[in-house]
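Next come two complexes built around chain A: one with chain B, the other with chain C.
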Partner chain A sequence: MKKLLEISLGVVTSVGGFLETGSIATSAQAGAAYGFSLIWAVILGTGCLIFLVEMSGRFAIASHHTIADGIRDRFGSNFFILAFVVISVVNLMVLAAEIGGVTLALQFLTGWSFQWWAVPVAFAAWLLLWRGTFGTIEKGVSSLGLIALSFVVAMFVMGPPWREVARGAIPSLPAKDGWHYAFIAVSILGATISNYLFFFYSSGAIEEKWDKSYFGVNKITAAFGMAFGGALSVAIIVLAAVVYSSHGIDDIEGYEQIAMILTPALGRWGIYIFSFSLLITCFGAALELSLAQAYITAQGFGWNWSEDAKPKTDPAFTLVYTAVIAIAVIPITAGLDPLKVTIFSMAITAISLPLGVIPFLFLMNDKALVGDHTNGWIGNAVVLFIIGLAFALAIVTVPLQIWGG
Partner chain B sequence: MRAQTKFAVTEKLEAVMSWKIAKQAACRQLPQTSIGKRTCLLAMVVLLACCSSGGDQQRRILQEMRSWIASAEMIAQARMEGVVPTMFSGPALQRCNAEISSLAVDLKNAQLSVAQRTALSDLPGLLVEAEEASSRKDGPQTERVILALRRTRGSLDPAGKIP
Partner chain C sequence: MYLVRDVLDKQLVDKAEVRVGKVNGIVLRLDEHGRPKVEALELGASTLAKRLLIGVGLRARAHGRDGYRLAWSHVTDVGIDITVDADRRELPLERWQEWLRRNVLSWIPGGLS
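And now, the complex of A and B:
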């Protein structure tokens, strides 16, 4: 019974924590510009994410180490430093985008410009990290993210042409703007498969003291949590395709446009539910990103780390999340458009993917680390496929950013 | 005879010399010509690229502008119906207006049809009217402005369709 409860909670928090500014923005852009035809990108990204998240959890349970520990021990400090620098830069940009998402939600709810909200939001995030525990952040904030299920409700209310929606699950060539189509596909994949998730998930498994009895919980949480989370992104694509095409909006360049996505289905509640969804999902993601950065840094450099511990017992860990929040808030305070920061950071995430994904092939086949819980041939085939995909994305992202961004 | 032969030889020598000089000159010029050709080719490619990207950029700007106009219509309609709060719709309509104005500046030197130029000049007034009419909850006036905005959006579409 206790395990069942944990599985349910795990799935709920994964669903609630899946959506963030990147997936909302890229899905809305995809739906507005190309209808249902980019649903396949979300399905592909979610499929890859399920495997990688499951491996992160399995690695932590079997080896009692996090992914960051594993990378440093298995590949040495030079590779770790390279991965650390690249992933940190990407994390900072994504964190700025998430803070931007929260501030925009507050702008929609209060009418005050997002810039004014940047510092209070950053302070609230920092305070919650300072005072809260891992459970508060993971289960509390992510569970509130379930409000995002309203996108699925709205999708059913709008009643899209389901046959065409299903056809979107199969990759197809676009009728217009091939470069832009490819750029959005890459951004969706970047928004879905983010390196920080693996570090956060494996650290969470250690924080929550997952033992060998949690292999099943890990599998179910990864599979169902991420799959249901992916369904939220699909719902946004479907909604955007239905709502925006009927109004002649085929190019999303501002969150003011995205904010109207629920209004046709949910009426006067639409804007409030959208704003709360954006606020909570982005706030949750901002907390996870700050923690993930603190985890990677502390684990890589061998410092004390635990969100459950008091700040005075792990001051360096605390300093890292304080510093990243302080840095990430700068572009939003300066007035940089949060949507532009989001789209750019999603594309940059795609560039950094190989550094986070390649280690899985070695870590998950190292008997000294994971014992009998190494990858089977399916797991390895999937990791090889994801590595290939990650390299392809890393290579095409910059040209696509220039011609299709 | 000898003089003739000498003359012929001299002529041949001169011919050979002039050929050699020409060849040397040609050899000296060859790299320059090649560089010139390459420069010309590169310039043409850049020019072509600029031309195509210029046209492409204009098409993108127009597409973006139409999307912002459509967004303004959607927000104004929702504001008039009282579906969205003023604290959202006010700044949102202002953002639409600002984005459209900024895109219109980008189109200042673009090659546009008379209808498109007229549409661009009508836009600022229509947007202000949409904001005012929807804030007054003046249904008929808002509907009229939204229709006018739709027509303007249609004029800005090279395909001439109003979705």
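And now, the complex of A and C:
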């Protein structure tokens, strides 16, 4: 019974943690420009993510260590520092984008410019981390994120042509604008498969003291949580495709356009429900990113860490998230367009992907660390496929950014 | 036991299972018969900086202050973590954290509560 409760909480958490400004913006763009035809990118990304998240959890349960520990331990300090620097830059950019998402939501709700909201939002996030525990943050914020299920409800209300939606699940080449199509596909994959999730998830397994009886819980949480999260992204593509085509919009120029996708289905409440979904999912993601950055730093350099501990106990750990929030709030306070920051940060996430994914191949086959819980041949085949995909994405991102973005 | 595989870059924990840093370096010394013996573990950021310089091919620049050396006799167990019986207040990580408490946390409300 306790396990069942934990599974449902875990799934809720993952749903809340999956959707954030990156997946909302890239899905809306995909739907606007190419209708249902990029749904396959969400499905591919979600499938890869399920495997990697399950492995992060399994690694933590079996070795009592996190992925960041494993990278330092098996690849040495120099590789760790390289990965650390690249992933930190990406995390800061994505964190800025998430803070931007929250501030935009507040702009839609109050009419006051997002810039003015940046510092209060950052302060609220920091205060929650400074005073809260892992449990309150994870479960509290993520449960509120369930409001994002309204995207799925709205999709059914709109009643899209399901046969065409299903056809979008199969990869296809676009009729026009190949560069742009590829750029959006890469951004969707970048928004779906993010390195910080592995670091966060494996640290979460340690924070919640998952023991050897949790292998099953881990599998179900990873599979269902990520699959439901992916379903939300698909719902946004479908809504965008249906709503924008009737308004003749084929390119998203601002978040105001994304904010209207619930209105045809849910009426005048649509804008409020959208804004609240954006607010809470981005706020949750901002907390996870700040924590993930503190986890990677502390684990890689061997500091003591726990979100449940008081700042006095682990000062270095708590000052990392304090510092990253303080830095990430700057671009939004300065008035950089949160949508632009989001699209850019999703693309650079794709560049950094190989550094986060390659270690899985080694860590998940190391008997000294995970004992009998190494990857089977399917797991290894999937990791190899993802590494190939990650390299392809990393290589094509820069040219696509220039010609397609 | 292989030093690089089983000791280098491992997590150090003290008797109370508190993490007190990573093994950033290993110090070997030749005894009177010319056989290498593990003398100490090196902690602290300067060792990491030296390894980074050597790693990028700047061996000539990798000199300067040695890191903190913790005698091998303090090591009580080598597993996934390395357990040591040292007082963590003497180790560089905790000394730095003490500095952070006094000079940074004390300025932030709730930092020391």
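Keep this in mind: the second predicted complex is superposed on the first by the 405 of 405 C-alpha atoms of A that agree within 3 Å, B and C clash if a C-alpha of one lies under 4 Å from a C-alpha of the other, contacts with A are read in each partner's own complex, and residues count from 1 in each chain.
Note that in this section a residue touches a chain if its C-beta (ideal position, glycine included) is under 8 Å from a C-beta of that chain, and two chains touch if they have at least 3 such contacts.
Keep in mind that this is a model prediction, so the values were computed, not measured.
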Touched partner set for A:254, first chain B, second chain C, both or neither: first
First (chain B), second (chain C), both or neither touched by A:73: second
First (chain B), second (chain C), both or neither touched by A:108: first
Contacts of A:245 with chain B and chain C, given as first, second, both or neither: first
Partner chain(s) touched by A:268 [first = chain B, second = chain C, both, neither]: first
Which superposed partner A:319 touches (first chain B, second chain C, both, neither): second
Which of chain B and chain C A:374 touches, first, second, both or neither: neither
Set intersection of chain A contacts, chain C complex versus chain B complex: none
List of chain C residues in touch with chain A within their complex: 8-12, 18-22, 24, 48, 51-52, 55-56, 80, 93, 96-97, 100-101, 104-105, 108, 110-113
Residue ranges of chain B in contact with chain A within the complex: 63-64, 66-68, 70-71, 73-75, 78, 82-88, 90-92, 95-96, 99, 150, 153, 162-163
Chain B contact footprint on chain A (complex, rising order): 32, 107-111, 113, 245-254, 256-257, 259-260, 263, 267-268, 270-271, 275
Residue ranges of chain A touching chain C (in the complex, touch as defined): 63-65, 69, 72-73, 76-78, 80-81, 130-131, 300-305, 310-312, 314-316, 319, 322, 368-369
